[in-house]
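Encoded as structure tokens, the structure appears first; notes follow it.
Read from first to last, the chains carry the letters A, B, C and D; within each, the first residue is number 1.
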Amino acid sequence: MIYDALWLVPLLPLIGFVCLTLLGGWLSRRAMAVLGVGSVALATALAFTIGYTFLTRPPATGHCTEVIGSWLAVGNLHVRFGLYLDALALVMMLVVTGVGLLIHLYSATFMAADSGYRRYFAYLNLFVASMLMLVLADNLLLLYLGWEMVGLCSYLLIGHDYADPVNGRAARKAFVVTRIGDAALLVGLLLLLAHWGTLQIQPLLGLAAQGWANGSALATVAAALLLTGAVGKSAQLPLQVWLPDAMAGPTPVSALIHAATMVTAGVYLIARLHTLFELAPAVQHAVAALGALTLLLASCSALLQRDIKRILAYSTISQIGYMFLALGVGAYAAALFHLMTHACFKAVLFLSAGVVINALDEEHDIYHMGGLGRQLPGTSLAFLTGAASLAALPLVSAGFYSKGLILAQTWNAPGMGVWLWTGGILGTLLTAIYIFRAFFVAFLGRPKSHARCGATAAEAVALVVLAALSVTAGFVEIPAGLGGGVQAFTGLVASALPPGPQPAHTGNLPALLELIASLTAVAGVLTAYYFFRYRPPAATAAGAHPITAAVGRLWQSGWGFDWAYERLFVRPLVMFTRANRHDAVDALFTGIAAGSRALHRGLSRTQTGRVRWYAAGIACGSFILIALMVLP
Amino acid sequence: MTLAWLIAIPLGGAVLAWLAGGFAGPWPRLIALAALALDLALALSLCWNHPLSLALPGNDSWLMRLDLPWIPRFGISLLLAVDGLSLILVLLTLVLGLVSVAASWTEIRARVGFFHFNLLATLAGVIGVFLALDLFLFFFFWEVMLIPMYFLIGIWGHENRVYSTLKFFIFTQASGLLMLLSIVALALVHQRQSGVLSFSYFDLLGTSLAPDSALLLMLGFFLAFAVKLPMVPFHTWLPDAHTDAPSAGSVILAGVLLKSGAYGLLRFITPLFPEAAAQFTPVVMALAVIGILYGGLVAFAQSDFKRLVAYTSISHMGFVLLGVFAWNELALQGVVVQIIAHGLSTGALFIIAGALQERLHTRELARMGGGIWSLAPRLSAVGLFFALASLGLPGLANFIGEFLVLAGAYQTSAGVTAVAAAGLVVAAIYALWLVQQAFHGVAPQGLALADLDAREMTVLGVMIGLVVWLGVNPQPVLNLAAPALDGLQQLANI
Amino acid sequence: MNMIFYLAALVAISSTALVVTSRNAIHALLYLIVSLFAVALIFYVIGAPLAAALEVIIYAGAIMVLFVFVVMMLNLGEQATAQERRWLQPRIWFGPAVLAALLLAELLYVIVAGASGERTIAPVSAHDVGMSLFGAYLLAVEVSAMLLLAALVGAYHLGQRMSSAED
Amino acid sequence: MAEIPLTHGLLLAVILFALGLLTVLARRNVVFILMGIEIMLNAAGLAFVLGGARWGAPDGQVLFILILAVAAAEVSVGLALVLQLHHRFGSVDVDAARQMRG
């Protein structure tokens, strides 16, 4: 069976990593690229073959398991290197390998001038291997291994250009902030292990569903800990601060790790362990609320960024907010669907931005661009496709279908569904405004700089494929309201994930909701056109008022989270450690030493060398001794 | 007799190396390598010769035992025995011994013969500690390993070596004295109960003690081991000693000497004083967690490469302490893995620090100026690898140790474990800060730096291999240790 | 007989006091010998004839003669006497006097407070002393022999004229 | 024999001892200090003899003899030191030896 070759999927990129690391010194740059891209290409081919098999001849139970070997066995704890493939893992695997391959291809020429070419491909291969390990793991410890390894690769790749301390700082920030979540995740794992005695995901979920009452305290704690892990990795409130800074890394890295795959690991984690979250309704509500809040806050911040990559970074945070919103209301398939389309359109946005930045000699500021549409028509078209999909322009974009699914199911969610839906709609408006602001400012209008070069062939291939996907990927799931009723995606993942909230009302409501969403998106684009293309002074005037200027500064700084964390945590910590550099505990022992030295100095002063003085000392001593003996 | 040979071979090698110091050429180094390799082969043969007893659960966990009279009048004998736990530690000692001989190949140029005498004598003492099961003999070896170490730091150390060696010596000696008092008192109590004066571990195991005196005697042992481990707040000798020790000294100190404290905790505290240890557990676990966090935070502020690594040791040893007092199978297995992992990863970091100091003549991170990656990519990559091992990256040995310790400790105290997990964040902070300061950034103009040569690459490559192997396949070690740990747990349940 | 004791005691105290205050070393030595004779007399009175004899022969006879020889060798003349006068200021006397007085008072208190019943004093013959000395105390005698030997060697070594290197 | 209370004898010993101590403390001349030591030793011997007489036991006198031996040894070494001192510092002032302190 082809499923038996599943273990090769993560192994091939790993082999690429090992070869690049060990043999690197003897390889030409061309060989490095072949090795780096080739290993991922083989893995991708294999993954798609497996995917095809899965679609045509699905396994009887809807999933298949493959055990490579044992990792460790202590007492009751048995952990193995086991892979588990179901529809959820399959979708993730295809996204990771597919987008991963295209970005590898893009990097082959994009990074050609970089001195750390081998290091770059080694890390990128390691990332793909780890990410595949994360999504295919059949137990939580192996998942945690992948989870940490992708974090490591993120760190290494953000800091790829190590000469600049700013990159190093951003990389460390990313790693440490996510590690806060990781530590919570590990404690969650320990909790699950202590209570159910296993880390195998499927048996564990079965045991928990039977053993824990709905809403029980332990289940809530466990889910909250897992959520913290997911929040850290997926850059949601309140741990979202690392992602905008992570844009210090090379642009393909931002596309692959910080948009398409790694940051969605949190979404995957929650979807994978949805049983646990359903046992803890409070936490699940928190997921939805966090998602809604994050998507709004991040959209506002994206509105005012000037750096094109930071716009996209905030947009990523916001779009993952949508996914969390969907997860929180139980629309797992919708979240996964958006994850998939988002991977495509965000990748194309980043990659085309990368071409632009490269063409303009590392220019990130959209206000220093302009008129790129004529200079780089292909790239601009790719960016436009991605932007349309991000803004969820009706009918012609993948984002429309995935976001529409999320919004529709959010409306149907019991409880605060309507409020969450309102947040989502507001987010749609903001999304359309900020992304088209970027498009209008950077790609239309008067050219302000000269584009040095366009996309190379390899880059173009990646852009074309991804742009095509950002348009077409949505057609696998066409809502009933549009008359299509295609449900290929939800049908596929139904074997792994429960269906989302079902509509309480029928009739015209779904169609009406679709219409509202579509109109909102269009309205957003028009707003952006008015302020940034038709009458730019209006935008300037709106920003000039003291109140809006203050709000703008707040939004631009990401709502001041960095500012607050810097003062609340970073500086006190640094001050404490600086103050304690010489280890206060040592003062105890040096104190004892200093005390005995002082005593020594005091007593040595009595050694005057006068014999009679000594004699007097003896006399005094005997006087005191006799006094002690005689006096009661 | 094999057990006696295990100690005698390094001792003989030590004397030979000293004698060979008078001749030209690398004779002392070769003799040291040969002696350690021979010893390692002997220890490995023990692994292979006893596959049955390793595999059989419930079997007596002792693989081999040697009992010769020494001072029969006081019930003191040359009682040596080895079980899986001892064997693992002996193997670690010998591997790190080989590594440190290789690491000091070019660093040590003065009094080469005497250097290797001290190195091998320390190792012989440590192996004796791991094998001795007569408490008096144990104490004897405990002291034997200190004195050569004192010379290693005091003669071949760096700037502040006199202060550091004195501090090291006073700390360990004073705490060792407390242990001697406890040993003698325990033997006397046992004599009053059974009428036989004996220092044998097996005889003393069942001694019943009044709760107060049990607590006092346990504290005597505990302090000796806690200082050696070292546990906060008795840790301050370690950064000084590490900073001023030569590379080989640091490797032995971190990789092996600290482990004698961990071994002592495992072997003696809970089995000899089960009730007192149980009563004392909350205090120790709190101290362990404080150590994990405190060590990490202080490490972050250090500007001296070796000092930073020394403080990370304190943090890592906090996990060991936590695991020992959690006292269940998961945690104890975690302790064993953590001991090995820390020995390898920290030892390697000290070798890298030594290599940098040999090339740049400074250990100050600020004066290294960073940017070493562009000049010496192999050195930097290896440094990065071990920094990552040190921060507990899954797939590497340290993670297995920390995970198992935390999993075991969670069953004892969930709250403490949750706080200890914050140590993972702190570890990330200091490890990445180290990497940033040492390797990243722009190299200063005109800095010339040779990359690792074949000898250094071999040594570090072996260590990388071991760390990865242990990280993805720790089962052989776990299997080897399991019967011994099982035996210890049964002892404590009496 | 009692009268003799008190008279001798008075002589001993007064001559010792003169030793303390005397400025001339030879005079002080002579007073000291007088004091020793008085104590010897007291020994005799309380029935310790052997002690009395030894006091006269060894203390007054041998040891004090040694002192006299040394004082002669030092040849301390008028200059030394003048120096002693300078050194014996009340200021210098005061502290030691207070300390000695305190100790004296304390010892007196101990003796007076501890006195229980007036007992007579029994004489002890030289025979008994000899038997005891070479019986129970034989080890002490041997030790003191070693001590004297050590003192002999030490005194010989110290008493040598300086070696040429130090001159 | 005489009807002397032990207390009176001991009083004499104590007074002699105090005078000896005063000599040692107050005088700077080494010869006088040695004399003071002799007085104190003699006083101690007296106390021993008195104690022995009190119980009619020979031990007091035995100890007196031992004290005598100690005194002899002490004086011989002490006087040799006096000679050295005088030779080296040209003085019998005990404080002249201060510079020898370690």
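Brief remarks follow.
Quick note on the criterion: a contact is a pair of C-beta atoms (placed from the backbone, for glycine too) under 8 Å apart; a residue touches a chain by one contact, two chains touch by 3 or more.
All of these numbers come straight from a predicted model, not from anything done at the bench.
Taking C-D and A-D together, the chain pair joined by more C-beta contacts is C-D. Taking the mean of each chain's C-alpha atoms as its centre, the chain lying closest to the overall protein C-alpha centroid is B.
Subunit C and subunit D, compared by their mean Cα positions, are separated by 5 Å. Centres computed as Cα averages put subunit A at a distance of 94 Å from subunit D. Computed centre separation for the pair subunit B/subunit C is 67 angstrom, with centres defined by C-alpha atoms. Centroids built from CA atoms put subunit C at 98 Å from subunit A. In subunit A, the residues that reach two or more other chains under the touch definition are 612, 616, 619. The set of subunit D residues touching two or more other chains comprises 21, 25-26, 28. Inter-chain contacts occur between A-B, A-C, A-D, C-D. Chain contact summary for the complex, subunit C toward subunit A: residues 95-96, 99-100, 102-103, 106-107, 109-110, 113. Contact residues on subunit A toward subunit C in their complex (touch as defined above): 612, 616, 619-620, 622-623, 626-627, 630. Interface residues of subunit D, counted against subunit A in their complex, comprise 21, 24-26, 28, 33, 94-95, 97-102. Within the complex formed with subunit B, the residues of subunit A that make contact are 21, 70-75, 77, 141, 144-145, 148-149, 152, 155, 159, 162-163, 165, 168, 171-172, 175-176, 179-180, 182-184, 186-187, 190-191, 193-194, 573, 576-578, 580-581, 583, 585-586, 588-589. The touching residues of subunit C, counted against subunit D in their complex, run 1-2, 4-6, 9, 12-13, 16-17, 19-20, 25, 28-29, 32, 35-36, 39, 42-43, 45-48, 50-51, 54-55, 58-59, 62-63, 66-67, 70-71, 73-74, 76, 80, 84, 87-88, 92-93, 95-97, 99-101, 103-104, 107-108, 111-112, 115, 118-124, 128-129, 131-133, 136-137, 140-141, 144, 147-148, 150-152, 154-159, 161-162.
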